[in-house]
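Below you'll find the structures, each written out as structure tokens.
Next come two complexes built around chain A: one with chain B, the other with chain C.
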Partner chain A sequence: MRVGMPHMGNVYIPFKALFQRLNVDLVIPPVNNQRTLSLGVRYSPEGLCIPFKLTLGNLIEATELGADTLIMPAGYGTCRLGYYAKTQEQILRELGHNFEMIQVGISEQKLFGILGMIKRLSNNASWYKIISAFRFGIAKLNALDRIEQVVHKVRPLERIKGTANRLFVKAVKAIDEVDDYSTLKKVQRDYIDQLNQVPKDTETPPLIVGITGEFYVVLEPFSNLDVESELGKLGVEVRRTTFVSEWTKFSLFLNPLGMDEKDRIHKAAQPYLKRDIGGDGWESVGEKVLHAKKYDGLVHLAPFTCMPEIIAQNIMTSTKETIPVLTILCDEQLAKPGMLTRLEAFVDLLERKRRISNNNR
Partner chain B sequence: MIKIGIPRALLYYQYYPMWQTFFHELGAEVVVSPPTTETVLSSGSSRVVAETCLPVKLFLGHVLSLIEKCDYIFIPAIRSVQSKVYNCSKFLGLPDMTKAVIPESPPILDIDIDINKGKRKLYQAIYQLGRHFTWNPSKVRRASIAAWQAHLNYRQVMSDSGLTPPQAIEEISGTPKPEPKTHSSNPTSPQATVAIIGHPYLLYDEHISYRLIHRLEQAHNRVLTPEMLTTQELESAIARLVGRAYWTYEEEVVGAGEHYLKSGADGIIGIMAFGCGPDSLMMDMVRRQAARLRTTPFMSLTLDEHTAEAGVVTRLEAFLDMIYRKKRKQVEICV
Partner chain C sequence: MEAYLGIDVGSVTTKFALLNKYSELITDLYMLTQGKPIEMVQQGLHQIKQQLPKDVDICGVATTGSARYLAGVIVGADLVKNEITSHAVATLQYAPQAQTIIEIGGQDSKIIIIRDGVVIDFGMNTVCAAGTGSFLDHQALRLNMSIEEFSQRALTSKTPVRIAGRCTVFAESDMIHKQQMGHRTEDILYGLCQALVRNYLNNVGLGKEIKPPIVFQGGVAFNQAIVKALQEELGSEIIVPPHHEVMGAIGTALLVHEESLNNSNGSKFKGFGISEITYHTSSFICNACPNQCEIAQLSIDSQILARWGGRCDLWERSPSSQNKEIE
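Moving on to the complex of A and B:
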């Protein structure tokens, strides 16, 4: 049995560690690239969002590499996500691939759904083995996200642009290669130190821009044309609350215990949007309200035709709390020069705004 | 008397008799917005970001046309009417979004309908809604029972006499009909039987569907719609094709599509709106099934604000020609 799964950012690294420890043969398709996107676009229905197209591309590339068991997240009460696997399965079968599709109900089965799936794939390994492998995967995930948070801070300040990104690429590779907790800790400390020692310009505090929007396009740099790096190059520090490690911590472990990290965000959204509308629409509205006073601007990322984000986008324009928002719709038509022009104009606007408010003070 | 406005769009076609009865029983008057015109659609479009889907733009246009004609506007947030089957985000966000983009609208009466939260929550929500009119819980109870009866009656009328929702609403409310029912009552035998599938708010809005049903009937075809099938037929069709329904109104597309692909129709036309999330997947499901079966021709029409009437008519004529030719050939083979 060869297992294939779609990409989202660096999530493949923890999964690789997890499956390696359980001796499951995991096929990792090439990280998202132009071919993945073209394949996805060619075989998808036209009105679908970019997460569907890219994940379909990943699954096609995984089957080409010999995967015969495909994992795809699903679940009720989310957005179109719950229907992805059904449609992708049909598309892949029509392309003549032979495989078994495993749907993981992330929204209703939570931790047990994922653990159950792992147990099945690992050919009934003992629970002790599964849980220790799972813990190691999560440790890698946490390390990746800690380093990325430091990268966000270093990018806008570094003297030589691109240093932080180069270090991050190395760090990702190093984390991928380690095989025990102590080296993992060491690697994490090492790279954070190195990042902190990068020569920086600290004369003017950088502009702070929040990143909000739909989960996949926020976390998959290929789909948003690496908007965070581009903002970093323009001297902007990005802040985002969405990290896969946070998501795992809360939605797998703490939410079932009644703790909800998003309560604060939902409360902030309450006057404008009273209820969950699926996807991350509620959170987008809430984050705008919350960040209005704290940040200089907000970049709102959404896949084209994403239902919850369209609602959010319509509501966000009318909140009492104001902050400049740049909505970027991600799909296969999004091109770098166009996006850069918009980002530059946006950053110019934020700089001017800050200058004016400093003069008034 | 309090006037409640109901926009003639989206769920109006599914639930109008129920809502009308409920408010009437509570002593309120119901005002429905006039049928869609170009102005209604363009005024709605002007309020929202461009990629919002056509039915929602249309809905907002109808809300705009109700301003100053009523004291409240009724916009429910229907999350789920079946266990673990959920609705599109657009329906859930509708009350809040309307408030955000049309600040001048009359106060909005919203109600959360989510069957998954249990009956108690549902009753509470209904009572909350009724509280705007009366403090008496038993009066609200009577009104909701009457409303439910009206809804069942409405469904019955549609499936028994093969009426479309607008025709059934007319029949129930007893307004005199200027023209006799044209439905499936052509004197000569029909040229072909064409099923149209899609959501009622697209099929029966004569402005955005370019009077498709009327055109088909004028060309002497029998028209079948999703409402003419019983719930059992629709459910078993969904079970065959996708297993378990995922979207609240999946039966109108996948259920009816699968049913008519297998029986009763010479051709199927699927109507969807550009930017519709659920339909982009559901219509594709039906299209793939049609391609696999290769028995019944299938055409899908995507509607948006730009769709030109001539383009729709040309495609319709070409599709009908193909069906007629196919039928003729079959007859020749038999002879």
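Moving on to the complex of A and C:
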């Protein structure tokens, strides 16, 4: 049995660590690239969103590499994502691929669903072994996210643009390669130190822009044309609340105990939107309200044709908490020059605004 | 005499504006890009040089528009600025009280919201080019008339027909339908203008508070019929500033002037002589990763001036030293 799965940012690294420890043969398709996108676009219904198209491309590339068992998240109440695994399965079968599709319920089964799936894939490994492998995967996930948070802070200040990005690429590779907790800890510390030592122009504190929007396009840089990195180049520090490690922590462990990090966000959205509208629309509205005071601006990422985010976008233009919001619709038509023009103008706007408010103080 | 040059290379037109140090326009130039941005920048410089008073000293050059990086490398720009900021700066120079700027160009349209002289919000058409100059051009061509004639004819309409303006494709089929039903050409033309205005306000202007004074600029502001349709739809006077078609160029010139005050190094302008140089452009596919980016490069003889187009900055970093590193 060879297991294939779609990409989302660096999530393949914790999964690789987990499956390696359980001797599951994991096929990792090439990270998202132009070919993945072209394949996905060619075989997808046109009106579907970029997360569908890219993950389909990943699954096709995984089967090309010999995967015979495919994992794809599914679930109710989220958005059309609930049907994606089934639709992709059908498309892949029509293309003549032979495989078993495993849907992972991310909304109903959560932790037990995921552990159950791992148990099955690992050929009934002992629970002790599964839990310890799972823990190690999570440790890698946490390390990746901790380092990325530092990268967000260093990017806008670095003297030589691109230094933090190059260090991050190395860090990701190093984390992928380590096989024990103590080395992992050391690698994490090393890279955070190195990042903090990157020569900086520390004269002015950077503008702070929050990143919100749909989960996948926020977390997959290929789909948003590296928006965070581009903002960094323009001298902006990005902050986001969406990290896979956070999602895992709450969604798998703390939510069942009654703790929900989203309560705060949902409460903030209450005056404008009282209920979940699928996807991450509710959260986008809430984050706008919450961040209005703290940040200089907000970049709202949404897949083209994403209903929840379009609703959120329309609500966000009319809240009484005001903060400049730039909505970027991500799909295969999104071109870098157009996006850069908007980002540049957005940052100019924020800078002029800050200058004026500083003068008035 | 100190002078500052702004160059706006857009998808359809290339604009030049030369300002003196009192921010007054010395001369301007408006030409079609015709898909040849480099040649047009060279030609434009050549023409500007001919119109130049004798004692002019170019103290700063800036570029804007969708080909701003390319143009910036060619002329040796001191500043490369996006078109949104440039337009806002220029408008505020001519109409300091402006609260809304409507800009419709060849392939994009923007709205800029200003309060107390500061840009507080902007919108730009996203996935759709409906309601931009290129579409009007296309329809004028289809009806076998010049774009100037289009505007004159449309203004004579008394009973405009309703045209679906949601999408250019539907607008076009709707127009043909109305034509075949026997509606008068001028009524169809003005109906189209109204549809474009509705489309603009529903898309680009979505959720924006459009307050007067409203300034309308960009190439499409030449079209009096669109001005009239905007006026009717917004129920407010629309100001079309003089030189509205070169506002982007004026804006960058103003910005580079402002910047030169804090910078005593002098301009990087390569001089008017560059209109004589032959530039080569070429492109190749980078094979460093599976992304297969199309990298474009600009060179004189065998010396590479700039490269761009990659997802990462592999080729953009110091282009001249890259040859050794990669090949």
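Throughout what follows, the second predicted complex is superposed on the first by the 361 of 361 C-alpha atoms of A that agree within 3 Å, B and C clash if a C-alpha of one lies under 4 Å from a C-alpha of the other, contacts with A are read in each partner's own complex, and residues count from 1 in each chain.
Convention: a contact is a pair of C-beta atoms (placed from the backbone, for glycine too) under 8 Å apart; a residue touches a chain by one contact, two chains touch by 3 or more.
Model, not experiment: these values are computed from the prediction.
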Worksheet item: After lining up the shared chain so the two structures overlap, which partner does A:Gly116 touch, if you call chain B first and chain C second: first, second, both or neither?
Response: neither
Discussion item. By the touch definition at the top of the document, which applies to A:Cys79: first (chain B), second (chain C), both, or neither?
Written reply: first
Worksheet item: Where does A:Leu225 make contact in the superposed view: on chain B (first), on chain C (second), on both, or on neither?
Response: second
Discussion item. By the touch definition at the top of the document, which applies to A:Glu344: first (chain B), second (chain C), both, or neither?
Written reply: second
Discussion item. Applying the document's definition of touch, where does A:Thr317 land relative to chain B and chain C: first, second, both, or neither?
Written reply: both
Discussion item. Under the stated touch criterion, name the partner, chain B or chain C, that contacts more residues in chain A.
Written reply: B
Worksheet item: Is A:Phe304 in contact with chain B, with chain C, with both, or with neither (first, second, both, neither)?
Response: both
Discussion item. Once chain A of both complexes is superposed, is A:Tyr272 in touch with chain B (first), chain C (second), both, or neither?
Written reply: first
Discussion item. With both complexes overlaid on chain A, does A:Gly235 touch chain B (first), chain C (second), both or neither?
Written reply: neither
Item to complete: Figure out whether A:Gly47 sits in contact with chain B (first) or chain C (second), or with both, or with neither.
Response: first
Practice prompt. Pick out the shared contact residues on chain A: the ones touching chain B in one complex and chain C in the other.
Written response: 304, 314, 317-318, 329
Item to complete: Would you tell me which residues of chain A are touching chain C in their complex?
Response: 30-31, 33-36, 161-162, 225-226, 304, 314, 317-318, 324, 329, 331, 333, 336-337, 340-342, 344-346, 348-349, 352-353, 356
Fill in: Complex contact set, residues of chain B against chain A
48-49, 51-53, 77, 79-80, 84-86, 88-90, 92-93, 95-97, 100-101, 103, 110, 112, 116, 242-243, 246-247, 274-281, 283-285, 288, 302
Worksheet entry | chain A contact footprint on chain C (complex, rising order) | 66, 81-85, 118-122, 124, 126-127, 206-208, 289-293, 311, 313, 317
Discussion item. Residue numbers of chain A touching chain B in their complex, please.
Written reply: 45-49, 76-77, 79-80, 82-83, 86-87, 90, 94, 272-279, 281, 304-308, 310-315, 317-318, 327, 329
